[in-house]
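Once you've had a glance at the structure underneath, I'll fire off some questions.
Chain nomenclature is as follows: A, B, C, D, E and F, assigned in order of appearance, with residue numbering initiated at 1 for each chain independently.
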Amino acid sequence: MRKFFFWFPMSAFLLLIWMLLANALTIGQFVLGSILSLGLVLASQRLRPLHGHPKKTLTILKLICLVIVDIAYSNWVVGILILKGKSAHRTPGFINIPLDIRDPHGLAILSCIITYTPGTVWSGLTEDDFILRLHVLNLKEESDWIHTIKNRYEANLIEIFE
Amino acid sequence: MNLILTWACYFAICCFSLATFCAFIRLVKGSTPQDRVLGLDTMYINGMLLIIVLGMLYRTSWYFDIALLISLLGFVSSSALSKFLLRGEVIEP
Amino acid sequence: MEIIYSLAIGVLAGSGIWLLLRPRTFQVIMGLTLVSYAVNLFIFGMGRLSVGSPPIIESGTIADVSNYADPVPQALVLTAIVIGFATTALYLVVLLALRGLSNTDHVDGTEFNS
Amino acid sequence: MNDIPAWIAIPAAVFLVTGGLITLIGSIGLLRFEDFKSRIHAPTLGNTFGAIFTLLASILVSFHLADRVFFHEILIVVFLFLTSPVTAMLLMRSYILRLERIGK
Amino acid sequence: MMGWLDHLPILPVAVPMMAGALMLLLKDSRRKALTGLAFLSVTIQFAVAVTLLFMTAGDISSDWNNDIGVYLLGNWIAPFGIVFVVDKLSAVMLVLTIVLGICALIYSTAFWDRVGIHFHPLFQFILMGLNGAFLTGDLFNLFVFFEIFLAASYGLLLHGSGSRRVSSGLHYITVNLIGASLLLISISLIYGVTGTLNMADLGIKAGMLDAENRKLFETACAILGIAFLVKAAAWPLNFWLPNAYAAACAPVATLFAIMTKVGIYALVRMGSLLLPTGAPAAFGGDWMYAIGLGTLLFGTLGILAEKNTGRLVGYSIILSSGTLLTALGMPGVTLTGPSLFYLISSVLTTGAFFMLVELIKRTESFGSNVLSVSFEAFGLDEDKTTDYSGDVVGVAIPAALAFLGLSFFTCAILIACMPPFSGFVAKFALLSSALELTDNKLSGPSLSAWLLVIAMLASGLATVIALGKSGVRLFWNAETLQTPKLSIREAIPVSVLLLSCIALSIFAGPVMDFLAETASSLDDPNQYINAVITQASNKTMVGGH
Amino acid sequence: MPLVLIVVLPFLGSILAAILPHNARNQESWLAGIIALVCAGMVIYAAPAVFNGEVLVQTISWLPSMGVNMTFRMDGFAWLFSLLVTIMGALVVLYARYYMDPADPVPRFFSFFLAFMGSMLGVVLSGNVIQLVIFWELTSLSSFMLIAYWHHRQDARRGARMALTITAAGGFCLLAGMLMIGHIVGSYELNEILASGNLIRNHPWYIPILVLIALGGLTKSAQFPFHFWLPNAMAAPTPVSAYLHSATMVKAGVFILARFWPVLASTDQWFWIIGGAGMCSLLIGAFAATFQQDMKGVLAYSTISHLGLTTLLLGLNSELALIAAIFHMINHATFKASLFMATGIVDHETGTRDMGVLSGLRKAMPITATLAIVASAAMAGVPLLNGFLSKEMFFSETLFVNQTSYAGYWLPSLAVLASSFSVAYSLRFIIQVFFGKPATDLPRKPHDPPHWMLFPSAVLVLLCILIGVFPELIIGSTLKLAATSILGDHLPAYSLAIWHGFNLPLVMSILALVGGVSLLYVLKPLFRSYPGQTPILYRFDGRKSFDAVMNGIDSIAYILLEWFSSKRLQPQVLWIVVITVVVGMLPLLGGNWLHLKEPFSFDPAFALLWTVGGACAIGAAYLAKYNRFRALVLSGGAGLVTCITFAWLSAPDLALTQLVVETVTVVLILLGLRWLPRRVIEESQITPLRSFIRRFRDLAIAICSGLGLSALVYIMLTRDKPEGLSAFFLEKALPEGGGNNVVNVILVDFRGFDTYGEISVLGIVAITVYALLRRFRPPQESIHALENRHEIQTIDGNGLTNEHSLPKGILLAPNVLGRLMLPVITLISLYFLLRGHNLPGGGFVGGLIFATGIILQYMLSGIHWVETRSRVRPQYWISVGLLIAGGSSMLAWWVGQPFLSAISWDIYLPVIGKLHLSSVILFDIGVYALVVGATTFMLVALAHQSLRFYRKAPVAESETKAGTGTQLNFSDRVN
């Protein structure tokens, strides 16, 4: 099933984009969008040999909510840090986090979450043992960050992608 | 009501222009080439937001398309620049 | 707005022309880029400036000509942008070829003393 | 131009002002932080809530204009989410390598 | 509905474009198909051009207004759509281009089309650009065609690579890119002032401008004039030319012989159309005359001072540009016919000369060893796919050296405008007409006429001296002189071009009459303007939006 | 009998002669001889009519609108000359048959010989002065080729060039003169010109015309001060000298003076110019001839002298003198040609012409000697020979000139002096060569040549004697005929007799003879001490002066060229910019332009934006030399601001296009940046002051042009818009163009041809770039920078290999994301393509978006990975794009519409509904395909250079011989 429906997630994503962009919600646009989406997925197959297979829609939604909340919080924190300027006690630094997730799409989404969230930047990944090097703008408690990454994000992502 | 929105738009435009200006200062001051690229990247995002606001100001939807395109492709030039900084060339064998 | 626009063109063109007068190929290609920005804005300006009135006609309405920006200069600028892009690419490759063949990045292919 | 109802105009205005300010703060951070490793965090504000607020305002307005599927602005956030890490990761990595090279 | 003859004006552009596009589908190794396609294309173009020429002359009946064909592209009437206009001048230029093109193409098949890749498509594209530039009746479209043939000319100039080509190409490209910017600025300024881009419409609109707009319009025209003068290689905007043309390989340089004339054509065309409204200074004569005289003297200096034969031909192109500008800058229309005659003659001559110069260079080195020389000079790397062996230089034709000598002699005579060939006819016609050009009967010819006479005679003498010297050096000097091998494919085009010059001198009467008619129609641009403006669109709509 | 045949036949013969085989000496001679004789026959055939007083005219229409037709006109004078040219031609051909070596390339000789004969006949028979100029120049050209016949000899080359330069210059003067005459008379026909003598003489242009025609004639006839080319032309084979330099070509000069005598003569100016030049030539030639060592040198200078005599006669403004001149032309032709032939024979038989070496040949070559002695005697003016008669006429003419009181004395005296020298050199010529002790050290053993080689000379000598003894009988009527055709029917009384009684001319002749003998005696020591050197005159060596002048012209031209041009790019750009600024501003001067208009909106944000944009531009300009990367980033900033400006000012299409182009351009330049040298700040060799001045100048120019453009834009922006095209487009776009987006409708429909052209440019540039990069050589220092790069790479691993589908480490996540974006980007590109007709977008933007997606894959995954997995053939995309765009444009033909007309069909499908198909969409798809192809083609080709670099690097390292590259064979992939 998985192998046979490899095209589905991406095609659905593309069709969604198409329908969002189209000026009108018509059957014609839907058909056109479907054809294009499917065609593109098939055409780009050789350049995308790995397919992501997200499952567990609920987990996905949960993760999205978590991320939005975290981003909102980080926005606040970082904004305050900027406004305080030099008076703020910042302790920027790197932390190394060994990752368990191996699915490339999972890793990619993790990198997106981390980097898109203000205050953290994905700064490196070791080649063989997948140790994530993370730069944090305000590093207070290293274990908090490890906890956030491992439990809030990585666990959910493993659930979704593996 | 239009007026409120219009003034909010003006305000936002000014914010984004100032933000662009800040990014430009970083671009010029740099210190490292990475800073400059970051400045340029920020300019792209700020420009995109500015264009969205222009769309609201003039009540047309096609500004959205430009913004969409910046959000989709704005990263290409800055990541090309970063790749150049990282590897010394943009496209490797 | 007109003043800013005019000055912008002037600054772009001036910087570009300064670079065109420099001896290094990279300076010249940057100059060409800047000049082409200036020229594109110049062409565009020939349709006069207007905000919020792109030449996109609403379906089902009779077009009131005065409500829209002049589309002709826009079409011309599009052509100019494309041609400018093409020539920039060409120029770049020629300067690289010159660099490879003559081992210098001087526009004359040799290092002049002056 | 027909008038925009208040329930759209007022929240939209608020969103715009907030979004603008957040973005501006982010860019100011770009100036204020003292080294690149810190600076790279600052503009993320504009990428995230700066953009999200602005787009919320836009969604409201385009709902009023009703010439498109109105929440298409979500795409911009999706694209930003998917693309902005690429530059950031490469930049950070190259900066670290640069530091290491200089360190040697 | 349109008959097939009605579509002729578009073919000189559409045919090479489609041929060039098709060629890109073929690998460079499929030479036969490529050359076959190329010859098919040029043959069609030639047939079309000649037919158009006869149609403009009224020898083939058409329903054209004043024998001026107007083709509405996209079926949009002027001035809104782009129009192609075939009048006598365009037709003459078309025929000239394609004759030169055919010769260059034949020549190239002996060797040059294999030295790099994409020769044939580029060749078709340059023809497309040149033909379009002569046909279009729209100012911006003219710019586009300028860019097309310039782009192709960059490619062809660099064809074969090598540091000489690349470094002179860089200059050439830079200057032309700046020229393109000037064109854009001036054309858009013209649009900003008059609101039109159609050249015929411009002729009308320019007359209706108020004083202030008129000044702006003149500024635009001045800049436009500079851009055209850059293309026409007017001094001091022409320092790039000798090196670039000398660096280009022979068939390309041959085709380049007409490129400066596109600038001249544009000046003439615009000048003619703006005539009723009082053409601005750039097209109005005095400026053109002065610049032309400068160019003429500069070309003469170059010819005298230059030792390299290739650059010498370059200077002779400058010389001919100068002569044309000077002559066209004289008041009135008397000199236009002779100038066009001169133009035709000089294009054919310089075209032949470029090919000849390359053939002559072979006598200086090992005749059979062109290949190794080229490899060294042009930096040809080993290329596994293409085999140049054997067929590079064809069968040595008998008396190759005699052929080269005779051709050089003929070319020299033609360039120096010595009797009995077309060069002399042109010079005589120019000088004779210049002297006829009196402000009033009592005062006799103007000072400018005298200057033209003196400059032309002096330049002729200088050319005799210089080419005599070169010829003596090239042919009579050396123990090292080798009997060159040259392929019949190289000899034919040279002969064809030179024979055309001879034919031109034999049939000088009818040709001159036709050109005089051309000139008089340029003097009365209302024919052109009316034909363009009144051309109705083709109402039979089949589809529909 | 058509006159034109006389002229055309030799030219036909010339062509025929050229294609005969190399060694066909006999056939060539027969051909040339027959042609000469046939022409002579035709001339003689015309005799009855001509002697009857008719002027034969034949006109062939050629350039009627310019008043130039091929008019062949034979009057008596022309008849005489035609006969001279043809008969002499036949004799010289016969002579040449024996003179030319079998090894010589005879086709060339006879070909040009015949061409010359035709040209000369053309000159003589021209009834139109422009036609005359044409043939005149042809004689110069063919003589050039004949003089340079033995072009392996330096003297031949030099002599030929000198002759050509001088006679061509004269020819140009002649042309100018003829043009002026034509202007005055209103016709170029000789008949009308000859009838307009008074008109011309009284015209203010008379003096210029006279000078110009005199220049033509004098240069051709080698008259002072242009005489020096003739001795140098003696490098020609002797038949050429005999024909051209004695009998025909040099006579063309005096011919034309005689021809125009009725028009131009009988003025003081004529007397001084023509007579003066003749007098000088007469004296100088005679004097110089006396001192020559080379036999042909003697003859050459004597020719100058005798032609001087003729010219002087023509210049005397007396009808009798004219008749004498004509007579002397004939006489000189006979004896001089004969002497040249004799010289040639001597040269041929002994191998030398040096009179110092030659001696006593009369024993070995008795017949030759006899002929030469008689001819020399004629040259010296010995009675009973033709030279005596004309010389006596000359003496008598000098006596009758009363221009000024003392001219009556000095003219005859000088005439006698010159004649004495003439006697002296004739005598010396004979004595030194034929008398004295037979020479022993000659290169060859001399003997008389074959009889047929002597025959022409003998005929001429016979003619000398016959004319000398029976002048009236032999030549009387002919001379009268010729004179009549110039002077009209009323000839002055003259008599051709040997004995006119004991009068002053006879005394002068005797004086000259005696004087000549004594001169020879007096000057003998000089010949010994300075052989071959002419006293006094050697200081004014014509050849050296000529060379000096030529070299001077060369170097002056070179200096001026350097002065007025530049091989460097910067001055060229500077010129263009400065001229444009000046010329663009000129029309605007004085106008009151500044209409400060109420700004329609003042936007601090816009100002701030352009503060950034302007600063970016200035920064890029400032940094482009030493900080390329920074400059690139800054120009990217300027581009972004431009893009926002387009969006702001209602040009969404432009904003989109600018944005994508900007992105692609940055990637493009980055790809190139890698190959540019690391720029270290080096000390310039020039002084800082000069550099500063130049920079200041450039800065000033840049500022001026920037300000100028600003002003121009501002002027335009504040003016009212003219009624233009835009209204039409805005009104018709939707109803007739079928699109909401007017810009797009303009691009693909109203002005679709611009787009058609623009994509062609893009395609052309792409294939050019590709072709050029195939020959790309990486610069040396890029290879040395390799170590540095290895270091970076070991830290992060290498790029992708084929086994792995993803890179490890830092590039993993970007890769996944980038690949995820590929279908998204493609979809968006299609979205922009398909909706472009109605909303911002279109084929160009769409294509660039897709291309960017492809480039992104290259950037993230590397060339290998992408190309083993995809078959992108950019070149085919270009081709297909062009074909689709062209094909969709041609669809219109099918329905009888012009090219590019939009045609459309509405198709109704179930479920989906109405489907709108249009050739316009097809056109846009073509644009899309082309843009994708072209962009990818260029960027990928550029990227491939580093592939080559890596392949090269090991070679370079192991052999330390960088630069000789291996050809990268990536064409099969990208191609």
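Definition applied: contacts are C-beta pairs under 8 Å (C-beta built on N, C-alpha and C of every residue); 3 or more make two chains touch, one makes a residue touch a chain.
Keep in mind that this is a model prediction, so the values were computed, not measured.
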Farthest chain relative to subunit A (centres taken as mean CA coordinates): F
Closest chain to the centre of mass proxy, which here is the mean CA position: E
Selected interface, B-D versus B-C, where C-beta contact pairs are more numerous: B-D
Length of the line joining the C-alpha centres of subunit E and subunit F, rounded to whole Å: 16
Chain centre separation (subunit C, subunit F; CA means) in Å: 40
Where subunit C and subunit E are represented by their mean Cα positions, the distance between them in whole Å: 28
Between subunit A and subunit F, centroid-to-centroid distance (C-alpha), Å: 73
Touching two or more other chains - residue numbers and ranges from subunit A: 17, 21, 23, 111-112, 122, 124
Touching two or more other chains - residue numbers and ranges from subunit F: 567, 569, 573, 577, 603, 606, 632, 648, 652, 709, 712, 716, 721, 724-726, 729, 751, 754, 757-758, 761, 764-765, 768, 772, 775, 777, 792, 796, 810, 813-814, 817, 820-821, 824, 828, 839-840
Residue list for subunit C, restricted to those that touch at least two other chains: 20, 25, 28, 42, 45-47, 51-52, 54, 56, 72, 76, 79, 83, 86-87, 90, 94-95, 97, 101, 107-108
Inter-chain touch pairs (all): A-D, A-F, B-C, B-D, B-F, C-E, C-F, D-F, E-F
Touch list for subunit F against partner subunit D, complex: 792, 795-796, 810, 813-814, 817-818, 820-821, 824
Subunit B - residues contacting subunit C, complex: 57-60, 62
Touching residues on subunit C, where the partner in the complex is subunit B: 51-52, 54, 56
Complex contact set, residues of subunit D against subunit F: 79, 82-83, 85-86, 89-90, 93, 97, 100
Touch list for subunit D against partner subunit A, complex: 22, 25-26, 28-29, 32-33, 37-38, 40-42, 44-45, 47-49, 67-69, 71-72, 74-75, 80-82, 84-85, 88-89, 92-93, 96
